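Take a look at these structures.
There are two complexes below, and they share subunit A, which is joined by subunit B in the first and by subunit C in the second.
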Partner chain A sequence: MSVTTPATSAKPRASRFRLPIIWVLLLGIFAIAWLLVSLFGRGDFVSANNLGNILERATALGIVAIGQTFAILVASIDLSVAYLISVAAVMASFIMQGDPAKVPLAILVVLGIGAVVGAINGLLITKARINPLIATLGVGLILRGVLNASFQNFTGSVPASFQFLAYGSVGPIPVPVIILAGLTLLSALLLARTRFGAHIYAVGGNRITARLSGIRDHRVVIGAHVITSITAVITGLYLSSRLRSGAPWIGTDGVYDLESIAAVVVGGTVLAGGRGGVLGTVAGVLIFAVLDTMFNQLGVNSYLKQVLRGLIIIGAVAIYAARSREVVG
Partner chain B sequence: MTATPEKPPEASSAPPPTALRMQGTSKRFGAFTALSKVDFSCQVGEVHALIGENGAGKSTLMKILGGAQSPDEGQIELFGRRVTFRHPVEAQTAGVSVIHQEFNLLPHRTVAQNIFLGREPHRFGVIDRRAQNAAVTALLTRLGISASIHPDDLIADLSVAQQQMVEIAKALSYDARLLIMDEPTAALANQEVDALLSLIANLKEQGMTIIYISHRFPEIFSVADRVTVLKDGAIITTRDVGEVTVADLVRLMVGRDLSEYYPPRANPGDLGEVVLSVKSAGNAKLRNISFQVRAGEVLGIAGLQGAGRSELAQALFGVDPFTYGEVQLHGRRVHSRSPRQAIGHGLGFVTEDRKGLGLALRQPIADNVALARRGRRPLLSLVSSSGSRSGTSVEELTKSVDLRSAGLHQEAQFLSGGNQQKVVLAKWLALDGSLTIYDEPTRGIDVNGKASIHQLIRDSARRGKAVIMISSDLLEVIGMSDRILVMRFGEVAGELAAGATEEQIMLLATHGGEA
Partner chain C sequence: MAPNVSTEQAAAGVMRGRSWHPAIAGVIKVLPIFLILAGILVWIAFLNPRFLEPAQFLNFIRRSAPLMILAGGQLFVIVVGGFDLSQGSLVTLTVLLGALLASGDPSTTWWVILLLYGIALAVGVFNGAVTSYLRVPSFITTLGMLLTLKGAALLATGGAPRGALPTNFRAFGRAYIEGVPLLGRVPWAVIVLLVIGGVLIFLFHYTQFGKQALAVGDNQHAARLSGVNVGLVRIAAFVVSALSAVTAGIMLGGFSGVSLNVGDGLELESISAVVLGGAALLGGRGNMLAALAGALTLQALFTLLNFLGLPSPIRVAVQGVIIIGAVGFASWRAARGGQETEA
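Moving on, here comes the complex of A and B:
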């Protein structure tokens, strides 16, 4: 026997990798920026140099936004990333003190800090059942307090070799671009192809269903938070390489907490969890970067940029709300 | 669908082996006894129907078998082995799968991802999608549904019937040997019901034991071998389906005649003027809706799931308004485009989803009762929790519905289902409208709670209000209504006088008047 209902006979099969709709928006915005800059701006919008510039702008936010995607996919959120970025940048540069020999130690230490902070976030949320907003905000404030009590300004420095991370290139491709692309691919595969990824979607989609299927939901949430924190640490390392030293305000000055959440949401990941993915998030980050570059080249008041960002966040979410059955990620 | 109830195979001399034996199983919740010393058994390869009113203990029995609750006392033997389940996963591993009315599926994940959730075949953590899809295709083929459902389909893109098939496939993937289905046809259309019933017959031939919980007698007679009647937490009887009639089962379930069970109907002289009159109205989901309700009258609305009953209520209440046709209230033409306007016209709506739509669960009883009335006040007017400034006070209202609570400041979430529903009724009594629509007013409420809700509905009619009562429970519709409107495919299929039989209603609900 077979079940045939008219509504389903003509439906398309869900293809494996469908590019999120946000990439269409990204292309549109890119085209508009190109047009405007060619007409009214300085310089050439589509040059290798400028495109590299856009991607480099996207790197710092992109890395941490990829991590934020994991937190949001499990129906959590992480407000501590901006403070953790500062901690990682300052600690790395403080430990290195310009000595190339200390680079591995510094990286290990800050990655360790990231893993611990992520685990604490996850444990507070799962075991102590503290609302994720509050738990991660609290952890973030603690990090900031400790950091500000110990360091006031740029501290230490990174050796020239470490600056390869921000300024180097492999052939024609800048290293930051390789890092962002690599992390994007890695995360996309992790989410789409592994059990851990499947469990992230399950826990975010419906924690009860996941638990009833024998998934250890607490571990999944903690794992997602560890990933978020690790990406914040990588962003911190990148920024210290770029600025040649770490200062306690670089994470908060970049508003990486709210901007990363905005990028995730613009990219189509649902705040309630269980739907979305890193490909959308990266598109969201690139949209912000394209706009930044465009406004720079047009020489427009940078506050207007904020207005446009706000409009894009609201507009994107309104589109998702209207076509809420759209597959994303 | 005419699968005849089968007797055990004639050739075998020994009785078929026992799949499940529960002995002396009891479960109490505080002072309430949900199950008392239940002895229940199923044979391997049997479809065993379990019937009983809401609150009779069916869901408790199901939860115990599924591992969601532990019995206070008693033994359970499964395929000859003594078992105790502390967690649903343990029951699943032992071969018991429960298919709930609300599916446990992730809507935005694929069929394959849902079926193998938590058990994905993998190599070093990377999911082996080819193996996963092959296993799912094999399951779907075994169920005969591989043509219409693909492993990569998203659950959200499937019909409710197909989602249910996926749930069954998921159960099979756990090597379930005992399948418990809770009202599996509640949300299905006719041809889907037929498909499901033949699938059940198919599974039974493969040796599956199935406990089939349902209110629908035609299905029970078509698919089940035996039927067990549960009432007030105890087993009344277990019979072969061939030995009993619908009337027998109804009497066994209810335990008394319907006329004693429901409050007396209105006398013809009690009916007043026509309060609501709908003439050839419709919208995207409804067509050709025409009917009237009088003051003092309870109009029952029956029909299968998806027949448009709730949609009709929502159209009247302005949630999803009629787009054409005419609605008159007290002879005046009105058109409610929002619930606020409908309330202004004197309508009340006790929604089907009490917890989701009818109550603010975390707010005190008093605020819930006063909610709709406060909505009519100026925005900045002072509210008082007693509500005594105008109209009936909250205390009087809750007393009038016989609310049992720890006090008016108790949060609504901590009340029993019956008392929660009374809070909703009190909320609408506060507005003192002329017509109230009740959508499934007693769903999920125990027997005593039901009786008092029925009494309250009848009382409001007796005070001259018009009442529309939607219910899937045919006995409730028959017992409560002064007149019955049967809906089918978004239309009014027909109207029946008080005292219509179940068969008459089902005939209209399934075939219109054609058959």
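Moving on, here comes the complex of A and C:
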């Protein structure tokens, strides 16, 4: 068993140290998937087309899971993201109404909604001291209620220019891949190289100690939640671009709340906060995407796929837990 | 002040061999939930005076029974410091598998029910053992179980409801005992609720297991050092939760029939109910009567919003406001008492 190092001092090392394990697991799963699909499946697993598919599948979940990582790192959690994704997608296409001139306005409004919802989540958790699970579940239910009372179906549409976000490509690289890679890099740098990043690990590791060391822990938690909500609205924008319109069920249909939490934890970030990082999360998301593609190419029944996915989530986290001496609830 | 039976009290009870009235002592402390409940019931009665007549009121209790039983089971898991997100899927599995296996034949009811409880036992032991011995956070264990059970239910039935629940199976949810003095018709579900509610209160407040569960949730290292088998207590808590889910499923199958989404979201409703009842989310505090009252309050709230004629999406939003408000109020009270806790 390894000795657990204090979260704060282990921060830069932890992210560098963690990278190989989870990515080795990803490579292993990729190799197994490749083998199984070549033996029993349809199509070529490593074609450029298929790899593009895997990455695109990973984009929507990946963006919001990066944000969820921030919430979990400060020992919080965000159950409102699925509803916020729906709100963002519907509001974006409702404001755009197919008019390219309104794209900047729509993006600004939706980002504003994200910032406000994130700030509300953070304030409820820090100032009103409401358990994060209940606070974000409550906010999610409010968003869902208001959204469903106002919109029942696909609303408005996005102009062709906006669909560049989901369908465009720069040279040979699809835009979604660039977005995901860009956000990953940005978040990894934010966590590893800035003061705010260091504060996130400190507050997540031990909030009381962080406060006594002079860190304004409330601001850090609120900041983390604003980031989580912003990534949720970016996912909403991406989905409205891909579906060409927004509907009130697209966030909940994707189960982005629970799936993003699962991806973060599979990626090695500890639910208790203070340890982990976005590189692990992205690997977790890619593992889900590889498995999904593999099951599709093997023609696995979609319900059986769900059963396997549940067991894989438990199994993956069990492998991690076995490596630490942490005791959990 | 903590609005609940605290672990210290329970521990004191264990040490001094005192086990008198912990439920009642707790009720006095968790009065707010009963005040809220009474307020909502009065409001409903104001809108619809017939609501308090025995027939209507018993029907309201009948509708609340499944959520109350789920909340009772969920309380055990929350009190040991975990969550059970798999309850809703287990309800769905109970209804779908029950209908598939029984296919309307009353003679099969008893072994089908026995089999369903067997599945619940296995699910509970799995959730508890994976959480305790493989050290997977219960949030993730039961989330995986949620996906697995829902998938299994759909896999077994091919994605559409098949078969039917026999009448004697459905009786638990929808039959009545006729001609009871004063009350008229009494739903079976109310009797079932009284029996199971009694068992849950007894288990939680009057047994060694209940006290050990509180101790594990409060400080598992201390509990282990005082000789509590922490893993076993945790497994038992998850088993109680799973058994309560199958019970709720049998009742829901009774009155709402066979559908694919019968259990959707129930796990979050039962967690909300337990929290409304004042349990601490990271374990160590809780009161069974208050948790049951929390579930009744949630159901009363749905009924009230219905009477007020609000569209159903708005009901969801109000539910969100209420759980934030209730928990916010509880931690404000705790903060005023000078305690550094999160409710």
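Rule of thumb we're sticking to: the second predicted complex is superposed on the first by the 305 of 329 C-alpha atoms of A that agree within 3 Å, B and C clash if a C-alpha of one lies under 4 Å from a C-alpha of the other, contacts with A are read in each partner's own complex, and residues count from 1 in each chain.
Following the convention adopted for this analysis, a contact is a pair of C-beta atoms (placed from the backbone, for glycine too) under 8 Å apart; a residue touches a chain by one contact, two chains touch by 3 or more.
The structure presented is a predicted model; accordingly, all values stated were derived computationally and were not measured.
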| item | value |
| --- | --- |
| First, second, both or neither for A:210, with subunit B first and subunit C second | first |
| First (subunit B), second (subunit C), both or neither touched by A:271 | second |
| Subunit A: partner with more touched residues, subunit B or subunit C | C |
| Partner chain(s) touched by A:193 [first = subunit B, second = subunit C, both, neither] | first |
| Contacts of A:202 with subunit B and subunit C, given as first, second, both or neither | first |
| Residues of subunit A that lie at the interface with subunit B and also at the interface with subunit C | 327 |
| Sites on subunit C touched by subunit A in the complex | 80-83, 85, 130-131, 134-141, 143-152, 154-155, 159, 217, 220-221, 268, 271-272, 275, 281-283, 311, 313-321, 323-324, 327-328, 331-332, 335, 342-343 |
| Interfacial residue positions of subunit A with respect to subunit B in the complex | 1-5, 7-9, 11, 13-14, 16, 193-196, 198-199, 201-202, 205-206, 208-210, 212-215, 274-275, 325, 327 |
| Residues on subunit B engaged by subunit A in the complex (per definition of touch) | 88-89, 104-110, 113, 117-120, 122, 125-127, 129, 144-145, 147-150, 152-154, 156-159, 161-162, 165, 192, 195, 198-199, 202 |
| Complex interface listing, subunit A residues touching subunit C | 124, 128-131, 133-135, 137-142, 144-149, 258, 261-262, 265, 271, 301, 303-314, 317-318, 321-322, 324, 326-329 |
